[in-house]
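Some structures to go through are shown next.
Okay, so subunit A shows up in both of these, paired with subunit B first and subunit C after.
Let's look at the complex of A and B:
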């Protein structure tokens, strides 16, 4: 009996293991055949800090991601043979093996990193000294949260963008070799549309800017919740894509998205001198005057910071309380009066009420 | 005025005139626009709630619903102005005209005529509120005897005169925000936002709880009062809610002998 159950469990385990081996050919990392190990969904370990690390590479996600034309080693440069030692963290600013076609130089994300360093999100202050709470400042992956970097989430039904088959078929009638048409199409069209849905952008910013610990450390107001209180935030929640998200106001029009500057910086999109132009940018408040700039977006309703909003809110709350409590109490007592309709402490008799003109009687009161 | 008989008979029952067709149509326009405004406004106000997105989508979503909201708001504002003019014209024609005919029109009688109009609050309303609380707390078994307009109806009537002047201009500022920014600073939009959303909540809560209690939820009215459609009140309703007015109308119609007694607590509940 006991042994029988053991065999049963073993069989189930084997079936489960076989079932979880992904089908399809090995494509990524051809040069070292990395997927021979990394295709297994269970490939993981607990690292020195006790953190669970998953080393599974979802090839389907890799093939649909922006880095699909890179080899593993282009980013993981410290790996030269397999089996390999624990790999270092990837440095996105290093030169990779892709040649940038316009200048024929090797490609690198370094200029983006330099822009980010100049922005409010850079790790160093204006004098080059490290800012407090270094670990709170974002690196590439904190915002560019690709599904590939969290390969399990794809099994939870996360949406992914895809290629329009009808469009690509027109490219493929000439560009037949390899995956050139798909890659070029993705590369160009991803820059023609908004990179993310507004809700996704807000979610990315909210990871820090709605995090209570983070807000307290940096003495910041909750930028996301206050934004969600505005018509901008509410319309986006209701599915609008023509309403501004964080980036539309915090990046100067036409500027690199990575250059978000503090409002104290003179060139910042949210600097007092520039807000007017930011509101009037593109197809937003084109006809507005620069006076629109004194609109306050991130209102916390604190008395010291936003006295007008605080007192107006108090006024309306008080008015609502007085009116509704008065009438709802009355309705309550009116319903209670119906429990014992004929009862009264002091009864007026109908015999005393023979006057057919009580209206006139009441008026003389 | 005399287009409507104060008392009409149908199937042997008396019905008492209350609202002209003109007034009833104004009421229909009023509640249609307010309901549309609420339906297209509250999903936005409560965008976080689960019902907000499907309801907003059903009303056309972010592309169409704001237009519905603005059209309904414009209709409400036009109705508001129209009704105020209607009221003034009616006052001049009926009340002042009557005084002039009788050669009694002076500043004093004119002002008095203004303050004795049926919807203007007066001292008797205050006595009626006190009397109602005496009745509700079981200190008497006789409900208050209301005139043609009870204080509750007067409150309902004047509520838009508080709500529309706040909601309308604030809504217009939010609608024409770009143009307004040439005249007023941007923080006015912050003020308009609070005025518009919070006054809207007050208005809707008042309508849905208090006004709808008066005309829908109250046991003797449920599921709905009919006076907004027919313009006439039954004799029972008249005795129950407007006894002072009932007696006056009956006397004026020469039916003094047939005046019924007021319903006291416990009498005549058809529910």
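Let's look at the complex of A and C:
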């Protein structure tokens, strides 16, 4: 009986202890023990539409981004038991348990979705009517995978990628609780640089803007291939992070990156009246004149659509080929002569031979 | 003599220059007229756009994306992972293909689909268990099979994976959570082996692999009934009922000898733990205690 009471008290104490753990300190993914299953790399199936679905969660990488403060259930709200039914599509505009510090309200991506709706990528037109080909317009996941921090260290001298343990230790001298210092440091320093490496941004845009079916439906030019042929595109392919990608030119400086507008919109970064300002953005060509921006950035060479550009391209290709191969042929024949100094298709008469041979021999020597 | 040598060297030098001139012309051709690879990529994209039904489009896309990877550059670290359409969470590892399984030749490496409740779990097991481990049993009266690891790449019997043994360390460190990625990706699979005159060999070894490969490549030449004959023969070792989950996930005498296969003691305890066994047995009734939910209880 005594022992029974002891167990009862112990159980109550455990229950009280567990119930008083603040949710913010619970490790991501741990609160439901989701990783019991989702830690396994092969947890996968082919869904009804034939898509390969991998349910593995790399917790190390999950913990490397701003979502680490979220529990699985914050996004996957429909999962209430394990094993669970196929999870529903995550609604990024729902509120999660994280409190946004500036406004003290529960966090949501709703303002971002509202900005996106106002952009050229929004599903509704200016009159509020659904645009044609609704399925072509992007949702969050079409452009975003799980965000990861790209921290910077500027503790000494030149900035470098990664965390500065020295800086963190300074933060920690006051902000000691939990991972607050690390979170804050990584969050803020990641915002000092682009959220993605430029090549990755281009890959994201290419999913649609290099897709022939998409381009045909929306009567668009292949903006990605044409960009890749520019000086900017080539530098980025060579690994530059300082060269502008799609977002740098298609978003007004200081504006939310989700607000990309069609070039016909007067406030658009690519509107003819604003292109000069776009090139003169603070980290780009500050002294650029209006003429710098007057060229056609995305040049396609379709004969029917852009005959002028097409024939110019043909002309320059031909010119280059003629000049290059003419001189290469000349060099080749010159070398042949060096190899066979006395070679001739038609031998000259003996009388002439006596005159010419010594001269050739001299030249060879 | 020296003069002759000089002359030979000069001729060789000229020959080299001639070769360089030809090579340079060849090298410059794609720079002027475009790269063949680029055109091929464009053709592939055009084909994708021109494909008729959704199924055709998907097939063309899969062909185009078969080796597609996705790189995420964090500045201090690059994460290279396979590209999976619509995937939000990062994978952070390369899915190692099983080149040594004859079943994978036709069934792929995500073969389970029938049972809605357990298909993902079964596919998870297919990552480190050969198909015949669960879908075949030794004939009655024949000596029991021995289970061994085989290398997914070479198909040869290999030692117990070090990555598996290393899991034990994780149970004794605070870094356990961040080390989760190790689970399941050992570069090897457990498969039954036979002892042939003192030599241990896989139940599905090289001979069987060559046989199935030949069937896969030449089956178009067979009559329909011949195909059926061959399929029957290939699948004759497949038992009607696979080895049930609880045969392995049990504390006493599990079907797979986890310890012998290199599973560390803590992992063995986890796999044969009552909670896991109960979860399997009372599958649909295993609810999350609401007390453990944030804001719940």
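The rule we apply is simple: the second predicted complex is superposed on the first by the 246 of 365 C-alpha atoms of A that agree within 3 Å, B and C clash if a C-alpha of one lies under 4 Å from a C-alpha of the other, contacts with A are read in each partner's own complex, and residues count from 1 in each chain.
Definition applied: a contact is a pair of C-beta atoms (placed from the backbone, for glycine too) under 8 Å apart; a residue touches a chain by one contact, two chains touch by 3 or more.
Everything quoted here is computed from the prediction, not taken from an experiment.
> Does subunit B (first) or subunit C (second) touch A:149, or do both, or does neither?
It touches subunit C, and subunit B stays clear.
> So in the superposed three-chain picture, is A:45 touching just subunit B, just subunit C, both, or none of them (first/second/both/neither)?
A:45 sits against subunit C, while subunit B stays out of touch.
> State whether A:291 touches subunit B only (first), subunit C only (second), both chains, or neither.
A:291 sits against subunit B, while subunit C stays out of touch.
> Mind telling me which of the two, subunit B or subunit C, contacts the most residues of subunit A?
Larger number of subunit A residues touched: C.
> Return first, second, both or neither, reflecting whether A:320 touches subunit B, subunit C, both chains, or no partner chain.
Once the two structures are laid over each other on A, A:320 reaches both partners.
> Does the superposition put A:338 against subunit B (first), subunit C (second), both, or neither?
So A:338 meets both subunit B and subunit C here.
> Quick one: is A:328 in contact with subunit B, with subunit C, with both, or with neither? Answer first, second, both or neither.
A:328 contacts both subunit B and subunit C.
> If we overlay the two complexes on their shared chain A, which of subunit B and subunit C does A:107 touch? Say first, second, both or neither.
After superposition on chain A, A:107 lies in contact with neither partner.
> Residues on subunit A in contact with subunit B in one complex and with subunit C in the other?
Residues 317, 320, 324, 328, 331, 336, 338, which sit in both footprints.
> Applying the document's contact rule, which stretches of subunit A touch subunit C when the two form their complex?
It is residues 15, 18-19, 23, 26-27, 30-33, 35, 37, 39-46, 50-52, 54-64, 71, 73, 80-83, 90, 97, 141, 144-146, 148-152, 160-162, 193, 196-197, 199-200, 203, 210-213, 216, 225, 317, 320-321, 324-325, 328, 331-332, 335-336, 338-339 of subunit A that touch subunit C.
> In their complex, what parts of subunit C are in touch with subunit A?
Interface residues on the subunit C side: 10-11, 14-15, 17-18, 21-22, 24-25, 28, 32-33, 42, 45-46, 48-50, 55, 58, 70-76, 79, 84-93, 95, 110, 112-113, 117-121, 123-128, 177-181, 183-185, 283-284, 286-288, 291-295, 297.
> Could you list, by residue number, the parts of subunit A that touch subunit B in their complex?
Residues of subunit A touching subunit B: 228, 230-231, 233-235, 237-240, 242-243, 285-289, 291-296, 299, 308-309, 312-313, 316-317, 319-320, 323-324, 327-328, 330-331, 333-334, 336-338, 340-348, 350, 353, 356-359, 362-363, 365.
> For the complex, which residues does subunit B have touching subunit A?
Checking each residue of subunit B against subunit A gives 43-45, 47-48, 52-53, 56-57, 61-63, 124, 127, 132-133, 135-142, 145, 147, 174, 177-179, 181-182, 184-187, 189-191, 193-195, 198-199, 201-202, 205-206, 209-210, 213, 218-219, 243-245, 247-248, 251, 256, 259, 261-262, 264-267, 269.
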